[in-house]
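Okay, got some structures for you below.
One chain, chain A, appears in both complexes that follow, with chain B as partner in the first and chain C in the second.
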Partner chain A sequence: MTTTSLFTPSRRRLLQTAGAGLLTSAMPSYVWGQAAPLKIGFQLHRTGIGASYGRWYERTTTAAAAAINAAGGIAGREVQIHYEDDATDPKRGAEVVEKLAGPAGCDLIMGTLFSHVVMGSAPRAGELKIPYLVCSEGYHVASGALNRWVLQPGITDVRQQISAMAPWVAENLGKKVTMIYPDYAFGHDHRDHFPAAIEAQGGEVIAQIAIPPTETSFTRYLPQIPADTEVLYHVMVGPAVLTFVKELGEFYGSGAKPALFGFIDSLEAVDTASPGLEFLEGSHFWEGHCRAKPADAGADETAYRAAVGVDDNGCSVSDAKDVSTYAHMFSCWETLYFIKEAIETSGYSSPADRQKLVEAMEAITDLPAGPERPQGAMVFDGKKHQAFGVQNISKVEGGKLVRVHQTTLEESLYDNATDYTALSF
Partner chain B sequence: MTGGRIWALHLAVLVALLAAGLLLPGYHSTNLARILVLATFALGYNLAFGYTGLLSLGHAMFFAAGMYGAGLPAWHWGWEAGPALLTGAAAGGLLALLAGSLALRTAGVSFMIVTLMFAQAFALSLLYFSDWTGGDDGFAVPTTARLVFGHALSADVPRFLAAWGVFALGLVIALALVCSRFGRVMVALRENEERARMLGINPYRAKLQVLVISGIYSGVAGAAYALLFGYVGSSFASIQYSILPMLYVLLGGAGTVLGGVIGAAGIFYLTEWATALTSAWLFLVGLALVVLVLFLPKGVLGWVRAKLWRNLP
Partner chain C sequence: MAFGPFLLLALMEGLVTAAVLSLAAVGLSLVFGVMRVVNVAHGEFFMLGAVIAWFVSTMVPGPAWLAFAAALIVAPVLVAALAAMVDGLVLKRLSYNPEATILATIGVMYMIQQAALSYYGPDARPVLAPFSWRLQLPWFGYSGYKLFVVLAAGLVLLAVWLGLTRSKAGLVMRATQVDREVAQAFGINVGLVYRGVFALGAGLAALGAVLYVPISQAHYLMGHDPLLLSFIVVIIGGLGSLRGTLVAALVIGLSDGVISMFFSPTLAKILATLLVGLVLVFRPQGLFGAKE
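Then we have the complex of A and B:
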């Protein structure tokens, strides 16, 4: 009789162990070997005014990282996302940048949405010489107000959104436009760029009504809307938007009303079929990425929705009342794939290569549609540090957003004097 | 504690802070620089609240006035840090003079509300004049303007030394002030204004003087924040920045010169600790503060003064 032990196994046990080893090595999940993980810091609006966006930005980024890791990571390295709450506050935002660049040991930082947090954090990112990729939509990047370490490769900016949509608005809704906007930076981007865009189409802005940010009722502003207004262009944001829409409905009642055109920023994470929003029926909205799945959506769109856990109506698959911030959150997905491309082409291996990484990002031009960019093709302008892409116009039909038009990429393009590549690092 | 020992203690704290800032790694050195700037703000708030009993909810206005007073000339006209810091200090003091001359006609809760209203009006004005102020986005202070004698304040060591210098100067002046006859006038106004009036003190004038000094401190802190960290924004004019110096002072010890820096450091690292633990970090910070107020109602140095060093200023 032969005795066996851990150190003297039987032939049968040896074969079983070898077989199990072979099976394990054939399994699809990656074993990351000796390569250190790639740490990406995410400046997250987990609390504060941006929390509804932050929740979905986190989910989208986690899903993108999982998809990238399942396909072998970035340059063979596992992607780890280090989330840090900035409370949607610029002071805390700067502190978060320092923390992610310092003790957290991140290779680069991404994900910031709110403009004031970007403005407050960008100087520190520049001083710490760490790439800072924002998903903000503001014109502050392309305007040249920031520094060489700040880029916006995953979402278009307000200026191009406006200039791309103005032709459709003039042609389909009307040429005499009254603008109602919040009297702070987001509203000012619209105030400053829309008049020229509509004038180029033979239209005109006949009134601009700025609403102070502390306002909770809008009845005293609504009589300022000129009677000959053909299009009411509204970009109210925040909790007051529900009151705004309700009071607008009461103001016009069942009588004649101008066509309404707005930005979905007002109603991100809000169900457009909510009670009180009935007045929006038949109105149009800009969407960066269509909340309700378009009829002609392809496999990439379907796969993206499944990955981020969003159903065909733009709600969480686990809770139909949890409406996503679908028009914006794709920017996190596409920014992460932009990082992947830049790291793999630059040969980035450690923070010492950060300058090389930014130069590689600046050299990227074509960002074709595909699994990496379910929202559509984009081009990246390395001088402006800004991506340019298509825009969508959707109509509220039965409380649901239905895409009625998609602009061309060329309609989004504009030129200015910004050239970050002329700045030193 | 004699005057010599008091000065020795405070100078020793300054030396310890200097050593810590120069020896700590860059991340913690930058944190300390930020704490020292906020502690300068708290020093100014403590003169008004801790020593004179002026419970203001308008200090965010003075802080933001300093921030914009320094940042706007740097942004629009390329001023360097030295003159920009002075205009920031002047802006804080001037607004304190204007707001104080009206608000000090009230007292107690009314004073708190009037100062709050002034601060809110100032914050909204920053948004209204957005072409000049950058609105709620704010603006990045140009690196070329963040220079002192050719040294870039965007670098770790010059930034820390500048922050330490501002705090050290503020601490020395505050200590001299509270140890002076005027310091006793401040305490007298806090303890019993009518009795102080009977002693020949003009309460309105003295309180206005304190508020202007406090405004200058806040203005210097705001200017230093803009120049050292490169950003100016209207969120710094929100009520949060009137409450924060109050928390620093309450935590560190109202009516103690070193209380502000202890409070600022405490709140900063409490936030750091809580954010690492949970997404509900604001709840945790609030809970910790409630516990501190319950068990240390006079703050850390208030407790030390009650139990150990009775003459600690």
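Then we have the complex of A and C:
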């Protein structure tokens, strides 16, 4: 029988040691302590109509997690993101929440964009008592329609976007407005809040045209636009938006046409210089975060673009044809840093502390600009569970979005009766 | 807008819808008529046609019409080849059993859809129309290409009809449709006919998609609507009846155009679905279908 010792190791032992050494050298530079990793569930629109957004939400979140881990993680714990596809479907969304909260063992859940998926998933998150941080911009959080476990700390909501921008629209584009919007939750936020906002500026909404969300052809709706319309306010989402713009161009053609004001949601992940979109030249868009890097952008903006892998035009650095969903995806980055702050101040250690975590989130007020918030400073309203921030208005010039106006943070503020802190957990 | 121009726009939109419907449905109808296979993956063959048109448009340099012409040939051929493969690998092995093939084509549908998501991506991408002529009427403008689609749909349907009624291949197909065993007894290679018909049906869907994609855009989920609408058209018109398909497409398309403009698009969809229900109850073989 052969004997082996530390000095005369067997071949197997030698190989094992060498292999372990190789593995160690391949480990990330930061070596984690004894603490278990922090598992963050991400409800991802990887397939379905939200897939363009999902791809970039995943890239942004992965980049944010890498940046946080490189700087020591959250409360000394490594951050692991557990992505789960919801097919951009509300029913599947609720199942994903169950899976992330249960078998996947996540500490909390984040990342949902499409408002119908939020509406389908949020009640389940409330029942399972797991923090559910959405990146959706719908008014459903701040309206008070959801529950204490749902927060939106990384992106502004439709109501504040509207109230901040209505003065600029009335002053610069016109006062007689026709609205075109999808006939479901996200469109209804616009339908419900824009008329009051424009009336406060002495303008009026002269027609509201609701379009079924599954529509693929729009010419038939265009005759409903009154001839005396000065501003056409459009918020379309989904893959058919290119058709919408093209048909609008065909309909008006060389004749007189109203000024166009839209939400970039329509054209996220779409090149504004695409064939068929020439009609948008000279029109204006809301942007949460400017796709084309503004001339006065600071170091945080540059670092964020580099970390996510986006060039100065808002396209992937590895493929200039891969246009990002730039106006929205910063919310994933900022939400993850919001989670970091809340976990570190609350002393959260395990799912038993979830209630404490939500209370710590509600106590946060100031979200200053910095590497954590490349889009700009925000304030968080713990009662409304909603972040408030600046809005950008960009003009399409030569097929490119150029920022022409930025609202102040104060213009975004509004008041309502929502107080989630009065609800029980 | 006054009533006259409004109605004109409604009718034009309706005609375009009818054209797209008939292009999408004719292949489905043919496949069911001859093979008695309900091809649930039909919409995905349509989608593939549009996606291939996009790839061709990015690879063929020069004017838009050149890429369009290339796509008109490449897309149907590639999709037909894929369909022939599906026939050999899947349908034939199931002996064209009606229930089994429905399930199998659902599987094929998902495979094609997810493959498109993996290799083409989740974005909707535009494909340029071969020409950008625009019809400017006193009241509104209209895309000249949409009118071209109506014309092209008419030509495609005419070609299919001539092929079925005037050619040897058409005769063989009709013989197989009427009675498979007798056709076989007369020396017709039924397996070959089936493969050809399935490929032809898919190729027609792809051809329709190449014509359709410049007025829409290529997207990996775009096969869903054409499939649903094709079923509506084919059920109303009668499975396997070319004339029925055309008439049903016109009825559905025009009523959709007019009703959705004067009332609401939801009402138009409700009425179309109601019509399907009524046809199934009172005339299950469809308006022009032959009784079993």
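Methods note: the second predicted complex is superposed on the first by the 396 of 425 C-alpha atoms of A that agree within 3 Å, B and C clash if a C-alpha of one lies under 4 Å from a C-alpha of the other, contacts with A are read in each partner's own complex, and residues count from 1 in each chain.
Keep this in mind: a residue touches a chain if its C-beta (ideal position, glycine included) is under 8 Å from a C-beta of that chain, and two chains touch if they have at least 3 such contacts.
Because the structure is a prediction, the values reported are computed rather than measured.
**Q** Taking the superposition on A as described, I'd like to know which of chain B and chain C A:His188 touches: first, second, both or neither.
**A** In the superposition, A:His188 contacts chain B only.
**Q** Which holds for A:Glu84: it touches chain B only (first), chain C only (second), both, or neither?
**A** In the superposition, A:Glu84 touches chain B alone.
**Q** Looking at the overlay, does A:Gly138 come into contact with chain B only (first), chain C only (second), both, or neither?
**A** first
**Q** Per the contact definition in the header, classify A:Leu146: touching chain B only (first), chain C only (second), both, or neither.
**A** First partner only.
**Q** Determine, under the contact definition given at the top, whether A:Glu359 touches first (chain B), second (chain C), both, or neither.
**A** Once the two structures are laid over each other on A, A:Glu359 reaches no partner at all.
**Q** For A:Thr47, select first, second, both or neither according to whether it touches chain B, chain C, the two together, or no partner.
**A** In the superposed model, A:Thr47 contacts both chain B and chain C.
**Q** Let me test your reading of the model: by the given contact rule, A:Pro212 touches which partner, first (chain B), second (chain C), both or neither?
**A** In the superposition, A:Pro212 contacts both chain B and chain C.
**Q** Once the structures are superposed on A, label A:Ala240 by its partner contacts, choosing first (chain B), second (chain C), both or neither.
**A** second
**Q** Check chain A for residues that touch chain B in one structure and chain C in the other, and list them.
**A** Common to the two interfaces on chain A: residues 47, 212, 214.
**Q** So in the complex, which bits of chain A are touching chain B?
**A** The contact residues of chain A facing chain B are 46-47, 84-85, 87, 89-92, 94-95, 98-99, 102-103, 115-116, 119-120, 122-124, 126-127, 138, 140, 145-147, 183-185, 188, 212-214.
**Q** Quick one: in the complex, what on chain A touches chain C?
**A** Touching chain C: residues 47-49, 51-52, 54-55, 212, 214-217, 219-220, 222-223, 227, 239-243, 246-247, 250-255, 269-270, 274-276, 323 of chain A.
**Q** In their shared complex, at which residues does chain B touch chain A?
**A** It comes out as residues 25-27, 30-31, 34, 124, 127-128, 130, 134-141, 143, 154-155, 229-231, 233-236, 271-272, 275, 279, 281-282.
**Q** Give the list of chain C residues in touch with chain A in this complex.
**A** These residues of chain C touch chain A: 1, 6, 9-10, 13, 16-17, 114, 117, 121-124, 126, 128, 134, 136, 140-143, 215-217, 219-222, 225, 257, 260-261, 265-266.
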